[in-house]
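Pasting the structures in now, so scroll down.
Here chain A shows up in two complexes: once beside chain B, once beside chain C.
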Partner chain A sequence: MTVLRFTAVWCPSCLIMKSRWRVFFQLRPRYEQVDVDYDDDRDAVKQYGIGDVLPVLIVVDGTREVLRLVGEKTMKEMERLFAGIEQ
Partner chain B sequence: MKLIRKLFLVILTIFATLALSAPVKAEGENVVTVHFFHLITCVNCRAEGLALDEILTRYDNIIVVRYEVSDPANAELFEAVKTAFGDQSGTPYTVIGGVALTGYNDQTKRDIESLISRYQTMAHTDVVQKIIDGEAVLPDDFDDFGYDPGDVIHLPIIGEVAIDDLSIGIAAIVIGIVDGFNPCAMWVLLFLITMLANMGNRKRMWWLGFAFLFASGAMYFLFMAAWLNVALTITAVVWIRILIGVVAFAFGGWNLWRFFRKVKTKAEGCEVTGIEKKRKIVDRIRTIVREKSFLVALVGIVALAISVNFVELACSAGLPLLFTQILAYNDLPATAYYAFIGLYIFFFLIDDIIVFAAAMITMRVTGVSSRYAKWSTLVGGVIMLALGILLVFFPEIVMFNF
Partner chain C sequence: MIYLDYSATTPVAPEALDVFVEAARRHFANPNSLHAPGVAAAQAVAKATEGILTTLGAENFEVIYTSGATEANNLAIKGFAMKNRKYGMHLITTPFEHASVTACFGYLQNLGFSVDLVETGPDGKVALDSLEHLMGEDTILVSVAAVNSEIGIVQPLAEIAAIVARHSHAVLHSDVTQAIGKMQLSFADIDLVSFAAHKFYGLKGIGVLLRRPEALLEPVIHGGKSTTSYRSGTPAVPLILSMEKALELAVSGLDAKIKRVDFLNQRLRHELSSIGDVVVNSPVDCVPHILNLSVLGHDADDMLRHFDEHGICVSKQSACSSGATRSETVFRLTGDERRARTSIRVSISHLTTAAEIDLFVACLKAGLS
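Coming up: the complex of A and B.
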């Protein structure tokens, strides 16, 4: 599965989530991670319908979106939400 | 036996209460003159004027002389009296014998009564009368009395602070912190630190980061000082006070609406707004950081801080405007006005200072969670609503320096 991480350089919440994601995905090496810059990659932003809150994390299985996390999430929240797709 | 003792205590208490509340008749005692300098537009003066009216009904041998200081002759006397006492306070200003009382609150009223009682049985010099009569005021004319013009408390680091000033100080700290969590300009500092951290030049990071914070604070200070000077000239205009109160109420309501919208959407993060403007700022920061000449980079960062804070002022103008308005409604020396603005700005910048210091020490940049921004929207909204209501209906309450 692939994880798309939509962030922007002007977004403090993205900084917070980047450091959480780093720890979180160290324990989940099976996810391929792709960083998407909100300002630079407008096509991907349009394609995935990114709304008006950043950061956004989207998990895709092939072409199918299986999970979307919008905004700041705690480690516990991420563990609970990922448990749903990892079962 | 116990019952008799209790009964005796009750009777004693009733007699003591009656004795204290009975008019103080002081036949044959010294006549005490209370010189009361006031301004017709000053609410604290009105409160003291009413208190003096009430005191007059309870004491026989006192005279209250009122000087409205917008009258040039009274203003001249007021200046002479303040000079004699080595004081530059505003109205209300009360002089009894050789003691001057500045401002007005419940403590002032108690002090006035203490001084009246004291001087009714003690020979004293009426300093104001001496000035009116053109006589020289001597050091012995001032009364030592052991009187403390304002209760003070001792705060760690800060030291002794008058309780009158403490109310405004607390307002400066609370409103400054709440205003500081507004995320409008914080991202610029974070992006700047990120770019500098990537270069790994700690010295340059220190200088440019500090210059950004300092210039941001200076810009805010100038804005608030400018507004203070406008506010000081319009404090007497009732409809402007009401208008500001209504605008504060509307801003407060808008902030509460923003808070509840964030609660409803449940997504805490960065709002995607003003993207083009942000991109331009990002490009400017990149150019500055890549600049080889340190001086050019320094000038660039100061210019960036000024422009960013100027543009983003609209984002947070409500709270600083409201705070300066509150300052203007309090009669304070000019230095105190600017000291309170400085205090406000220090606490406004404190979250930025913490983020910057943490990045400097750890060389890792972290953001401030939007959760804090969300809650500061709520607190800011409530403060604005409350101040709006107070400005319209109970203006005397925002005049902390009663």
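Coming up: the complex of A and C.
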């Protein structure tokens, strides 16, 4: 599965979540991670319907979106939400 | 027009504009030139620099002239981090910084630096125990704005500086752009300080980074040595001289100006308290110059248009919001999505009148009805 991570450099929540994601995905090497810059890749922003809250993390299985996390999430929230798609 | 957007920018003081015009005529020569007009221009810059340092009580700093606070913040954060990464790659900031600070941290994070955002209390102030906890052997830089631009939160810089000073490789940078001319400032134990002239009735296009000698930087703009080796480019003599005058005026009679603005702030808060759909987001101990409020049930853009149609200039800020209306800052402080999507910033000055405040309130009420 692929994880798309929509962030912007000027976004404090993105700073926080990028640190958390680094730790979180170290334990989950099965996910391919793709960073998408909110300002640079407007086509992807439009394609995935990114709203007005950043960051956005989207898990894609093939072409199917299986999980979307918007805004800040704690490690526990991420573990719970990922457990739902890993069953 | 009723201008209530002084935190976005201020009208230039006539005296500062006069200095600019006179200096543009008299000191057009390049201060880096060795001929007599160049030397005269260099001497004028040196005199203005001395005046700026004296006015700020910052005699132990070097003045680095920049194009504004954004460039000064970039030079302070990126310049210090890149120069000092051999000592560590851990950086700390707050969630209430201007985008020109946050974006530098985002840039450095993408380069491999480790970035932590310190926890803040319900009033938005830095939680000192959280900062103490985050500080480590590899921490090299902490950046905290003296005053938040959107809500007006005043940070306890002296206490923060004391914590940072206990760590040998760490320095403290503060963006004081929203603090100069709004509060009494002390730069004790702060190593890097940035600001721009246009926030205190100076002209746009000139800013400063104050640097203590031990805070070494890597230049962001490379070129020949100018007034400093840290920032190349021909010094903007008229802007520099004009900024010195603007600064002198901004701190002159400051206590009386603050008292006046505080009176206007209290008047505005009192009037707003009787309007049902309005909540004030700025805690009471913010600078009185900034009052952030939410008009519940009314999109911020719609309210701004309403005010604009009636000749009233206010603003909103939406840092870290990809849309046009949601304020990340207000959401972080209040935890209320409705308030975050309906917030507007009223920023006043000693030039604001009570009648203007009353007209703003009347216009707000009219917009609600």
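The criterion applied here is as follows: the second predicted complex is superposed on the first by the 87 of 87 C-alpha atoms of A that agree within 3 Å, B and C clash if a C-alpha of one lies under 4 Å from a C-alpha of the other, contacts with A are read in each partner's own complex, and residues count from 1 in each chain.
Here, contacts are C-beta pairs under 8 Å (C-beta built on N, C-alpha and C of every residue); 3 or more make two chains touch, one makes a residue touch a chain.
Computed from a predicted structure; not experimentally measured.
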Exercise for review: Could you tell me whether chain B and chain C fit or clash when both sit on chain A in the superposition?
Suggested key: clash
Review point. Of the two partner chains, chain B (first) and chain C (second), which one does A:52 touch, if any: first, second, both, or neither?
Key: both
Exercise for review: Go through the superposed model and pick first if A:36 touches only chain B, second if only chain C, both, or neither.
Suggested key: neither
Review point. Which of the two partners, first being chain B and second being chain C, lies in contact with A:16: first, second, both, or neither?
Key: both
Exercise for review: For A:70, decide between first (touching chain B), second (touching chain C), both and neither.
Suggested key: first
**Study point:** Selected from 23-31, 59-67 or 239-247: the stretch of chain C that, after superposition, runs into chain B
**Key:** 59-67
Review point. Of all the chain A residues, which ones make contact with chain B and with chain C?
Key: 8-16, 19, 38, 51-54
Exercise for review: Write out the stretch or stretches of chain A touching chain C in their complex.
Suggested key: 7-16, 18-19, 38, 45, 50-54
Check your understanding: Can you list the residues on chain B that touch chain A in the complex?
Key -> 183, 186-188, 190-191, 194, 265-273, 275, 278-279, 281-282, 364-371
Revision key, fill the gap. In their shared complex, chain A is touched by residues of chain C numbered 93, 95, 97, 99, 102-103, 105-107, 109-110, 114-117, 319-326, 328, 332
Study note, to complete from the structure: Given the complex, residues on chain A that touch chain B span 8-16, 19, 38-39, 51-55, 70-72
